[in-house]
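What follows is subunit A paired twice: with subunit B in the first complex and subunit C in the second.
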Partner chain A sequence: MDKNRERMLVKGNEAIAIGALDAGVECYFAYPITPQSDIPEYLSRELVKLGGEFVQAESELASINMVLGAAACGKRAMTSSSSPGISLKQEGISYMAGSELPAVIVNITRGGPGLGGIQPSQGDYFQATRGGGHGDYRTMVLAPSTCQECYDLTIEAFDLAFKYRNPVLILGDAILGQMKEPITRWKQRTIDPNEANEWKLTGKKGREQRILKSLFLGDGEMEEHNMKLWKKYKSMEQDLKWEEFSVEDAEVVAVAFGSIGRIAKSSARKLREMGYKVGVFRPITLFPFPYEPLRKLAMSGKRFITIENNTGQMVEDVKLALCGVTDTEFFANMPGKVSTPEDFIEPIKKMF
Partner chain B sequence: MSEVQEKQVFSLPKCMKDVPTHFCPGCHHGIIHRLVAQTIDDLNLQDTSICIGSVGCSVFIYDYIDVDTVEAPHGRAPAVATGVKRARPENFVFAYQGDGDLAAIGLSEIVHCANRGERVTIIFVNNTVYGMTGGQMAPTTLVGQKTTTSPYGRRESKEGYPLKMAEMLAFLEGTAFSARVAVNNIKNIIKAKKALKKAFLVQLEGLGFGFVEVLSACPTNWHMTPLEANERVEREMMEYFPLGIYKDKLKDKK
Partner chain C sequence: MYQDVIIAGFGGQGVMLIGNVLAYAAMEQGLNVTYMPVYGVEMRGGTANCTVVISDEEIGSPIIYHPKTLIIMNQPSLEKFQPRLVEKGLLIVNSSIVDESLVDKEKYYALAIPVNKIADELGDIRMANMVALGVWVGATKAVELDMVMKSMEKHMSSLKKQVVENNKKALLEGYKIGSGE
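Then we have the complex of A and B:
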C-alpha cells in the first residue's frame, strides 16, 4: 500500500501528532495534561524513533521556552497542552511573537475557569484569538472539526508558522482530541534544512552575529516593531479559511467552529429533512477571522444564529462581521456539556 | 641605546565588541563578561557559540559579546538553552543569568536543566540584589542586609535564608561541574577563569551540566563606593557563600 495514502483509524490527538511528524517536526516539548496526553505519548515514541528530540519538561513554562530555543535555531518545533497549561505557556508565546519565532502550539481545550474539568469546552476562544499573553500581538489560530482536519491543519500550521515567522495555534477540544475517525495520510515526512536560513541561529561562522529578541528600548524602536507586527497580522488575511455548508438557499445560517461546527452541520441536515432551509458557516481560521465572507452572506439577506460551547465569545466576532447589515442570535451550550445535533434543532427552528 | 622590544600582553578578547558598557562604575559584570569572552576565545568557540541572554542587568550581553544570541523570558534561560542544545547539539550553548533570574523566578528551570544533565553551561552572577529593578531583595540577599524591599534587613524568620546555588546544583547527578568564584582581586579572577574553562569543557566533552556562580559587587544598589563594594564581597559574601569547586567530573575522570 502506498504509504502516502495510508488510511488509519486514529484519535484526533493522534492525527495531530501524525500530522506533526509528516510536517517534519524535529523538536517536541510538552508536559502531561488531560485530554491531550495522547500527543506526548505518541511523539515520545514515534518522533524519537525518527531521530527527533522529545523532552518531557518540568512545567508548561519550561516546555514553551524549550520550543522558543529550538525555534530560534530554525527547527520545526511544537508543544501541546490543554487550557490550564496553555495559560501557563502564554509568557513564552508572547516572547515568541515578539521575537518573531515560528512554532505550532496545540490547545485541546477543556472546561474552565480554573481547574474546570476534562469535558469539552470552547472557553479559550478569546485567549486564542486575542493573543493570550501580554502585549499587542496575535497568533494565527486554526480550528479543526474532524480528525482529518486535525492532520491536515497541523501540517499547514507549520508552513504558516514559517511563512509568517509567528506562533500558530491549533484550537481543538476534548471531543475532537478523544474521538476516533479514519484519516488519510497524504504527506511524507520531509525536512527542509534551508527554510530559516535568513534568520536562524547556527553560530556566527562566516557572517554577522544574529540576535533574536523582543526587547526594544531605543527611541522609536518599539513603535516601529509594533508597526511591523501589525502589518504582518493584517497580511495573514491572505490565508483565511472557512467552510460554507448548504448556505446558498439557506434562510438561516448557523455560525459555529470546531467540533460544534460539525455538530451544527448534522443539525442542519436534520432540519432540511424537516423542510427548514438551514446552512452552516464554519470559520476555520479564528484569527484572522473571516469577517468579509460572513458579511457577504449577510448582504444576501440571511438570518444568523451563533452556536458555541461557551457563554458567548466568537459571537462578538460574528457581530463585528455583520455590523450594519444584520445581527445574530446566540445559543450557548455550556462548557462541560457534550452536545448532540438535537440540542441545536429547537434554537434554530425558532428562527423561522 | 638599545631599542625596547614591546610585546602586547593584554587586549580586548576577539569576541568582545569594542564598545562602552552600560554597567555602573564598580560593577563586576564587565569583568565577568570579559572572562567569558576570553574563555570563548581560548577554546575557539566564537563561531559555534549560541548565547542565551536573560532578564536583568545582563540583558544586553549580545551588545558586548559577539556571538549568536537569543533572549529568554525572565528565569527561563535554562529551558531555552535546553531547546537550543537539543536542536543544535553541535553548538556550544551558554546562558548568563543573575540571581533573581536564576534563583527566584527561574529556580525550577535551573534545577531541572542541571538534573537532566543538559550539555549547557550557565554563568550565574550573584550580587545579592535585583540590580536592574533598583536593588530589591533577592533570593541571595544576606540575612540582615537592607534592600529596598527589606528595609529593616532580611529576617530569617520571615524571608528565610539566602540560597546557595553552587552547592545545591552540585548535589544533582546531572551536574558535571559546579563552582563558586569571585572577581574581587587578581588571584580570584585567575581562579574564576579556570573554573569557567572547566564549566565550558564539561559541555564540550559531553560530561554534563556546567555551572559557575560568580560573586559580584553592585555598588549602586549597595549604596557603596566601588572600593567599599569590592571589599564587601570578601568581607560579607564569602563568609556565607564560600568559594570553591563543589563538583568536578573532569577531575574525577582523570
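Then we have the complex of A and C:
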C-alpha cells in the first residue's frame, strides 16, 4: 500500500459507496434495509454533490427496474440491499442478465430464511452464484473481506460489468458492512461517456435501431442467445480472483470466503503458533469459482476443510474443484452466530 | 506488534466513541486497525461494546473471543467479558460503579479505577470514558498519547473548545494512572 496516500477510517459499507463514487457511478436507486443502509446514507449526500442521481425508490422492485433503465442508457448504475431485499430484486436481475445490461448490485447479507434477522450470515451463496432469479444465467460475484477490498472490488465490479455487459454482484455480510478499517483511495472519479456507445439506447436518429430485450420468440433465437450467454460466462474465468494465505507448506488448507475468510486467517496463525501447519484459501470471485487453482493445491497432497457461516453451500463448489483428487471436511457456523477465530481451531485441529 | 481490546459498558457511556478515537489514532500512527461495534438490536441503557484490533501486520479477525485487554465500564460487562480475558490480561474496571470484589486480581492484571469519580472531579462525569481510555493507553502504550489527543479533537470537532480541552485533561489524567506515574 502506498503509505503516502491519506488513509480514511470507514465502515465496509461506506468503502463500497466511496468505491462506487470513484468508479464513476452516475445513478443509485435503492430501498433501505439493515445492515447496508450506510451505503444509501453516504450516497444520498455525496453522489448528489457530484451531480449523480440518487433515488430512494418506493420498493426493491422499483429500484432494480430503475437500475435496468439507467443501464440501458449506458449509465454506470448501482443498487444495494440485504438478503430479503435482494430476493425481491431477482426478477430485474434476471431481466438484466437476459438483456445483457451492466450494473453493480451489492448484497450485504443478513440471516434467513424469510426475514431472518440482522446478524451475520453467508446464507445467500447459492442465490448469488447460481443466478438467483429464473433462467439459465449467472452474475459475476465478488466477495471482499476487508474494507480496502470493499473499495477496490466495487471499482472493479463496474469495469467488469461493462466488460461483460452483465450484472456484477458484490457479496458481503453484516461483519464487513459494519466494521471500520482504514482504506486508501487510489482512483480519481472519471466518467467515460463513450464506454457503451456500441449498444446503449440514445434514440435511433441517424443509426440502425437497437433493441435491448430478454424476450426471444423466433425460431432458434433463444437457443442462440443462451449459447452466447454461456460462452460469456465461461469467458469470465479470465478474471478469476483468489487469495492464498500461508498455503505453501500447509498440510491443511481452510477454504473460506468473505469475513469468514479473514477470521480463518487468525485461526491459521494461532494454529501455526501451536505447531500445526495450516493455510487459508480464500476465493474472491465466487462466480466464476477458482476451481483450477484449488485443484492445483489439492494435487500437492494437502487436506481441506471448508468453513462457512451457513449449513454448507460453497462446500459444493469446493467438492467440484477437488473431485477425483481428494475431498473436503466441512465446518458450519450457523447463520446468526458471530464467528470468532477460536470457533475454527478445534475443527481444523481434528484434521491432524 | 499486536494489541486488542474489548470496550464495554452501558449505552450512553461513550464506549463506541472511545473505540473510534482509539482506532483513528492507530491509523494515524500508520498501524493497521479494525473497529467492530457490537452488532444487534441495542437500546439506551442496554449494554454496548466494541472491539478494536491494532497491529503492524495484516489483521485477520476483527472479532475477538479471548481479548488481551478489557475496558469495563459497568457491572454486566464485567460478568460477561471477564471470564473471556486471556490470563494475565489487562483488565481496566470502572470501580465507581462496578463491585471491585468481583474483579479477579489473581488471574488478571487488574486496574480498578474510579473513572466516574475522577471525571466528575474534573468537571463532568460524562468524561469517564476518556479517563478509561487514558488508563488503557498509559498501560499498554499501544498508541502514542499525542495521536489519541489529535484523534479526540477530530471526533469532537463539533463541540465547544472548552469541552475538548476538558476531555484532554481527562485523557491525560487516565494516562498518568495507567502509566503508573
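The rule is short, and it goes like this: the second predicted complex is superposed on the first by the 346 of 352 C-alpha atoms of A that agree within 3 Å, B and C clash if a C-alpha of one lies under 4 Å from a C-alpha of the other, contacts with A are read in each partner's own complex, and residues count from 1 in each chain.
The definition used in the following text is that contacts are C-beta pairs under 8 Å (C-beta built on N, C-alpha and C of every residue); 3 or more make two chains touch, one makes a residue touch a chain.
Since we're looking at a predicted model, the values are computed, not measured.
Touch criterion met: A:Pro341 reaches subunit C, while subunit B stays clear of it. Within the superposed three-chain model, A:Gly203 lies in touch with subunit B and out of touch with subunit C [touch as defined at top].
Contacts of A:Ala174 after superposition on the shared chain: subunit C is touched, whereas subunit B is not.
In the overlay built on the shared chain, the residue A:Ala70 is in contact with subunit B alone; subunit C does not reach it. By the touch criterion stated above, A:Arg7 is placed in contact with subunit C alone, subunit B being left untouched. Once the two structures are superposed, subunit B and subunit C can be ranked by residues of subunit A touched, with B on top. When the two structures are aligned on the shared chain, A:Leu88 is found in touch with neither subunit B nor subunit C.
Across the complex, subunit A meets subunit B through its residues 26-27, 29, 53, 55, 57-59, 61-63, 65-73, 75, 77, 91-92, 95, 99, 201-206, 209-215.
Taken in their complex, subunit C has these residues touching subunit A: 20, 23-24, 27, 30, 32-37, 39-41, 58-66.
Per the touch definition, subunit B reaches subunit A in the complex via residues 46-50, 52-53, 59, 62, 66-73, 76, 79-88, 91-92, 108-109, 111-112, 116. Listing the residues of subunit A that touch subunit C in their complex gives 3, 7, 9, 35, 118-120, 174-175, 178-182, 262-269, 338-343.
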